[in-house]
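Letters A, B, C, D and E name the chains as they come in the text, with residue numbers starting at 1 for each one.
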Amino acid sequence: MSDLALSPSATPDESSRHRAWRRGWYRFRRNPAAVAGLVLVVLVVVAALGAPWLAPSPESAGTFVNFGERHQPPSLHHLFGTDNVGRDVFSRVLYGYRVSLLLVVFVLGLSVPFGVLLGLLAGYYGGWIETVIMRITDIFLAIPALVMALAITAALSPSLMNGMIAISLLWWNWHTRLIYTTVHALRHEEYVEAAKIAGASDAHILFREILPNCISVISVKVTLDAGFVILIGAGLSFLGLGAQPPTPDLGTMVASGANYLPEDWWESVLPGLAILFAILGFNLLGDGLRDLLDVEVS
Amino acid sequence: ATTVTLNVVQIFGTIDPAKVTDYTGYMAAVNLYDGLVTVDKDGAIQPLLASSWEASPDATTYTFHLRPNATFHNGAPVTADDVVYSVKRLLAIDQGPSYLFKGVLGPDSVTASDAHTVVFHLQKVFSPFLATVPLIFVVDSKTVQANVKDGDWGQAYVADHDVGSGPYMLESWTRGSEMRLKRFDNYALGWGKDPIDNLRFVVTNDEATVRSLAASGELTMTSEFQANETYTALAKMSRFRVVEQPTGTAFYLKMNTQVAPTDDLHVRKAIACATDYATIRTTIYPGDALAGPLPAVFKSDYLDTLKEPSFDLNCAKDELAKSAYAGKGPIPLTFTYVAGASFEEEIGLLMKSNLEKVGFKVSLDPEPWNRITEIASKVSTTPNVTEVFFGATYASPDSMFFTQYDSAASGTWSSMEWLNNPDVDKMIADARATTDPAQQAAIYKKLQQTIVDLQPDAFLLVQKVRHAMDKCLTGYNYVPVQSFDYNFHNYSWTCGN
Amino acid sequence: MSTEVPLLQVEDLTKLFPIRRGLFQRVIGHVRAIDGVGFDIRRGEIFGLAGESGSGKSTLARIVVGLDGASSGRIRFVGEDVHTLRGTRGFRRRVQMVFQNPGSSLNPRRSIEQTLSVPLRFHGIAPSAIAPRVRELLEMVELPASFRAKYPFELSGGQKQRVAIARALAVEPELLVLDEPTSALDVSVQAKVIELLMRIRNELDLSYLFISHDLSLMRNFTTRIAVMYLGKLCEMGFTGDVFDHPAHPYTQGLISSVPVVSEEEAALKPAVERIRGEIPSPANVPPGCSFHTRCPAAFRPCRIDDPAFVQVGFEHRTRCHLFPRDSTA
Amino acid sequence: MEYFFFIVRRLMWSLLVLVGLSIVIFMIARVVPGDPARIALGPLATTEQVANLRHKMGLDRPLYVQYAVYIGGLVRGDFGQSLLTQRSVALDLRTAFPATLELVLATIVIATLLGIPTGVLAARFKDTWVDNIGRVVSLLGVVTPSFFIALLLQLLVGYYLHFLPVNGRLDPSVSFTPDITGLVLVDALIRGQPGVWFDGLRHLLLPAISLAAASLGQIARITRSSMIDVSRKDYVEAARAFGIPDLVTTFKYMLKPSFIPTLTILGLEFASLLGNAFLVEMVFGWPGMAAYGVRAILHKDFNAIMGVVMITGAFFVFVNLLIDVLLGTVDPRIRIRGARS
Amino acid sequence: MTVSGPNKGGPVLRVDDLRVAFSTFDGVADVLSGVDLEVHPGQRVGLVGESGCGKSVTMRAIMGILASPPARVRGRITFAGEELLTMGRAQRQALKGTAMSMVFQDPMTALNPVFRIGEQLTDVVRWADRRRGLRRTASERRARILEVLGQVRLPDPERIFDAYPVQLSGGMRQRVLIAMALLNRPRFLIADEPGTALDVTTQDEILRLLNELVRDEGLALLMITHNLGVVREMTDYVYVMYAGNVVEHGTTDAIFAAPAHPYTRALFACVPKLSGGRAYAGIEGTLPDYTRPPEGCRFHPRCPHAEARCFERPPSFDLGEQHHSACWLHAPTEAKS
């Protein structure tokens, strides 16, 4: 359709950028799921950052034990009950979000720039660069991430750090693939060729012309990824290969709490729900962003 | 037909009697295979395939007289040649319990003097020898030889097939999930009233699964490694009772005496003082007090003057103050336990919490069991503190002392102390060379005091073996060797079919 | 014929694209996108290139501006071989291009100012001089200076095309390649853009290579015109000559299939048989005269021999067996 | 023909991926700190014993020689010996793989049978309550960790309702070895044992549902969005304009083309299904490859780890190949041009 | 050129005061604000206007394929005497593809890529038959399809029948689309820019074919295009549309002879002539924003003749000889003065 009809009828004092944002925000607001996602994500982030102040028993996240109060059911005193060494599960959940977010930031901080860079290079230059990068990517895609993460952490011995490294080692390929397909479609866009004719350098074209057009794809993918990184991380620690005690990791909490099912259900079910909330939040937000930015990220 | 279903927490690695090393493996082996002799609940040697035996006065020659009526599961009679072959095979494959016989037996040390008489010529005096004989399982030499491939002593075949004469025969085995055995009708020792007809081992270490299996009536008997909560839950079901017996297995915090900071005796003492024995024994992992390296089941060799250790943070602080590491800020300490065992983790958390109160900085490193055996092989990779269970492999205090404290045995998970103490070595060697029980006992008692003074371990507890089992299942008795208490020939089902 | 060196000389240019097939994606043949094309563009002239879709017009344009290399042949710019010039700033600066699709020729993420400053930045214009130059360029394409801060989504198609023209003009080129610059626009907008292009050419003394399949537009806009069919030129000459006396049956057919709005125009259309069917795939060019499969006038030799590109009038050439080599006037 | 070449090319490429995979995993396995020989010999072995075994296992040879030997074995279907079970990994996998296969097949059946209709309905009734419910359900499926679903199902259906068994593949009282195809449900049918079949089904349900939740959600979501994409296509408008009934338009003219993106994405999604199987099998004590693999990993059983990763990778690659073939049957453009469009 | 008078037993299609609005972020877009048009049996009517002026929306409203939110359709559309907007769903469905049919614009996207041509065409026939209670065997249907494929001059209809769309060139697909429209012998056909995606030569061929078929079958045709040349060659009667309004209509001859409305005149002035001469100029400004359309005559902000009156909406003034213009310039008083 022509965009003629939508063109400049805004009030003159309003900058066009601003207007675009306002329009986006309007569309976002009309999507209750996305708003719910945003709320959940904000809650998770607040919980993580504010854990020392919000947690009724911050010491529960550390070396604290109290065998006299083990396996207490949820009560006003212990909102989520206590675990097998008498720690306050609610406090540990709040701190657990710190671990989850740390995981997300570390993994995505490491793998996204790397994956994006490779994707840009492969998509833009083509030829043997593309062949090499994309074939390696394919190999990594052929391995279920969790399985490979398991193998890698086993190799490095289990710890949060190694878990994060393992997941990062596997995560970049999704971004490479995504950016590659995006760039592949973009590289013959006329504005890219126009920049070439205008004499722009490859670096300019890659980072100024093409990259900004991948940003919405990347940001949606990163938001969705945040949820899936938490998911994989939880799976890894569920198998005992992630964070080690007494680190308050949600996956580990579910796994160790599962030993006391069904009687002491709160020890695994409540941290499990906490994981669910975080992942749900990021997913809803990501879906909302995807609708908003109208991109394809599969 | 009666079926007993019990859970085991690890998978069956191998059922080849020449390769079995672990507790779970012996659970199968002891039912599928017979040795010349076996061990009873008091650690006494009892006849099995051999109905009698005698030792030469200098204790270098042992002669065993085989039962004439014993047959293998395929009906072939058990002969002296089978015994000779089994020993040769064990030594040649050089895995499993063969390390026990290093320097004691050679390939030609065993001979058959007639179809039912076997003679062992020891290469040197080894007083605990008879205690090690139950670990030599006899295989059907003809069947094995018929299935040898590329001179592998039939390893490929024996890995999947049972070639024994034990009370049960292998029926099916799904690796990683279950093993089924069925009763061998022509068992040499015969069968009493109400025998158990079928055995089913289910592999799971998941407490929840165990409980649900129990609730659904599938489970007859739990492993001895369940969490407290599981025993409590099962005890509430009317069908089960929890059978508890003291064992010869002790639970230690093994401290690496060769690396900082646990190379300092005061640091080790501080750790011992900072251990909350009562909480561990009552709340986390029920057991009896342990005063020194040797559990009290070894009655005649046990030093009963040792004092039970106690939890005292002030003592810990004082000891720490005396150590070379005092006053330089928190002392880093690595603390390892078996990953996935929740009580070990709880002990780790408790220790961490207390140790950090007196001035340590503890890093908890749970490791899978295999990994622990791996890091134990080098001083530098052995953690400062490791939670380890150790029980006798054969019914002699020698098994407890040699394997844990002798420098010749260092480099294994059972000797993560790296004690390397010449006095200790000498006492162990002396005891081995003596055949006089009284003299041995004297040496062992002195040894216990020496070790307690060196404090290479914090002596946590003597394990109580606990099984929740169906009230109909009787005959369980703890046996202080490997998993010999799972010989189901000794059990019966008292409720009829 | 002028003795002056033409601005652009294209000599016997050929471009092949490999066709890969089979198990190992081996090259089993070539798409002859451009096949032995030669022409000159003189300073100040508007050279039109017409032809159906797939005839190789865009490919030619891309080679001329240096986006792609040729398989063989030669391009000279003011007498100098472009192979030695290509990639150097000097040549880049002197030939610029305006693309077909105004929707995609501007980067949606970059403001108009950013878009316009790219060529300036990369051709060594002092950073302080960039902003005034951008304003000047906008003025040149008749857009208000306030457009600098706008983003492409706020512009109409015609406005975008103006920005694209401004970008091409930024580095003061001598030749502008216009690849169907108006085919995505409405007639009303097209008229304005064409008007602008005419004005700019006069003001800046530019030359255009103008690609289009709109013959009516060509008739009004170009000085000389070449008609392309399946990678080959089939007719070339002054616009008036070609329209008034189309020699090649293909040119005749093309002209006669243009829908026109008045009787007077309709009368101008050659009364020829319609061209049948569709253009064959350039991967599989018919032998002989490549047009013979659709030609209403085809006869035996057409199926066998490729006719030569012969002179049929003053600077008017065609490639057709109806005009044997010796018929040159 | 081009289609055949396309498939052959994909096949060759798959093999290459597997070779690459074997290199990656071999490297990982070999840099793992830990000595397979010591592990094999058990905790009390002497250093000398260990050295002997190392030599026997070829661990003292250069890495590339070891790799060559390993690959040589792979070609013959020999994955080496497992340290843990002391027997050929190939043999172990032969019993473990069908269990996983059965679970995964059941999962796929559940996920597609429920996922596609959910997606179609949601797209058909876009922005109505049907759509909202469908979207919530599928999103929950996607975001809930499969092990958590497994635990919840165990808790609710197993413990509280005593509805279905929560452990293993068959009831302990049932003595049955699936020795034909390895799939209990199939073998029980072949052997004509309905009791066993029913018991197998009861055991299969909870693990399969836990595992299916994520795939179901993903399938529903992709189906929905591709149906919506397709619904904007001219040819759908054309079908409507020619009076073809809504149901036919939806289930014929929209569904088939929307399979193309669905299938493509499912191929990649399959990797996470396999990954989740690792968690779910652990929870339900399912005697499959994943349980075997996790145990191998926990015990550093190198050959077993490599075997599991290779088989998992091969399975994944095979499924993707299958999807390419399926895509060809759905999309004539692939069949005719021999390439993905 | 056949000129069919407007009153041969009433129009096949009559659109009265058609209003279509869409709800969008910026508010309600009043795209069509009262479109009136008529198509008579055997008549070929053109609807011409710039891009975005609402031609396709009109077509969709007539065919009943506007997605109902966000679109809101009001007014009356009468087909063969029956009111389409109020009739039952099933009844309306029954008309589609049978009595009224359409030729789609883009041959590349209007055919479903995953079904064979034959299958798609068969469905069109089969469902129409079912609704009309016609009983035909599969082979009869196939015969009909092959017949129509032949009619649109597709070589080797049998092969086409079994082909997938990818196997056909653009021109062939466009012919298939025409065949599809003709399958059920409609009385009325809408064609939205047929062949614009094709080359001039192919487009020319397609248009001629369509023209012939329409004439041979005696169909009424509503042809939507932005190409004035096509209108002149293909139609008998023209409606010129601007921003959702019909600004001028009349017989093709009348309008091409003397375009009256300022918009029409400007449009004509933009068209480059094959005769050359360069005498053309664009129209200042752009189409209005439909959420805030200008009051009165929607063209007045761009109109060189705009005056105060233009803030009121001009009715359609009869210029005689079947020529009407909605411009105050042609108000009768004005015309006389």
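The rule is short, and it goes like this: contacts are C-beta pairs under 8 Å (C-beta built on N, C-alpha and C of every residue); 3 or more make two chains touch, one makes a residue touch a chain.
A quick note: this is a predicted structure, and the numbers were derived from the prediction, not measured.
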item	value
Topological distance between subunit A and subunit C, in contact steps	1
Partner chains shared by subunit A and subunit B (touch criterion as defined above)	D
Other chains in touch with both subunit B and subunit D	A
Comparison of A-E and C-D by number of C-beta pairs in contact, larger one	A-E
Computed distance of Cα centres, subunit E from subunit B, in Å	91
Rounded Å distance between subunit A and subunit D, as computed from the means of their C-alpha atoms	24
Mean-CA-position distance for subunit C and subunit B (Å)	89
Geometric centre distance via CA averages, subunit E-subunit D, whole Å	53
Touching two or more other chains - residues of subunit E	51, 286
In subunit A, residues with contacts to at least two other chains	2, 4, 7, 157, 240, 258, 261-262
Numbers and ranges of subunit D residues touching at least 2 other chains	33, 154, 159, 282-283, 298, 300
Set of all touching chain pairs, with the criterion as stated earlier	A-B, A-C, A-D, A-E, B-D, C-D, C-E, D-E
Subunit D-touching residues of subunit B, taken from the complex the two chains share	3, 5, 11-14, 16, 19, 21-22, 94-96, 99, 102, 156, 159-160, 172, 174-178, 180, 200, 202-204, 206, 208-209, 212-213, 215-216, 218, 339-340, 368-371, 373-374, 376-377, 393, 403, 411-414
Subunit C-touching residues of subunit D, taken from the complex the two chains share	2, 5, 8-9
In the complex, subunit C residues that touch subunit E	52-53, 156, 158, 186-195, 213-217, 219-221, 239-240, 243, 253-255, 257-262, 264-265, 268-269, 274-279
Complex interface listing, subunit E residues touching subunit C	50-51, 169-171, 199-205, 207-208, 226-230, 232-233, 256, 266-278, 280-283, 286
Contacting residues of subunit B [partner subunit A, same complex]	206-208, 211, 227, 229, 233, 279, 283-284, 339-340, 342, 345-346, 348-350, 352-353, 356, 362, 364-367, 371
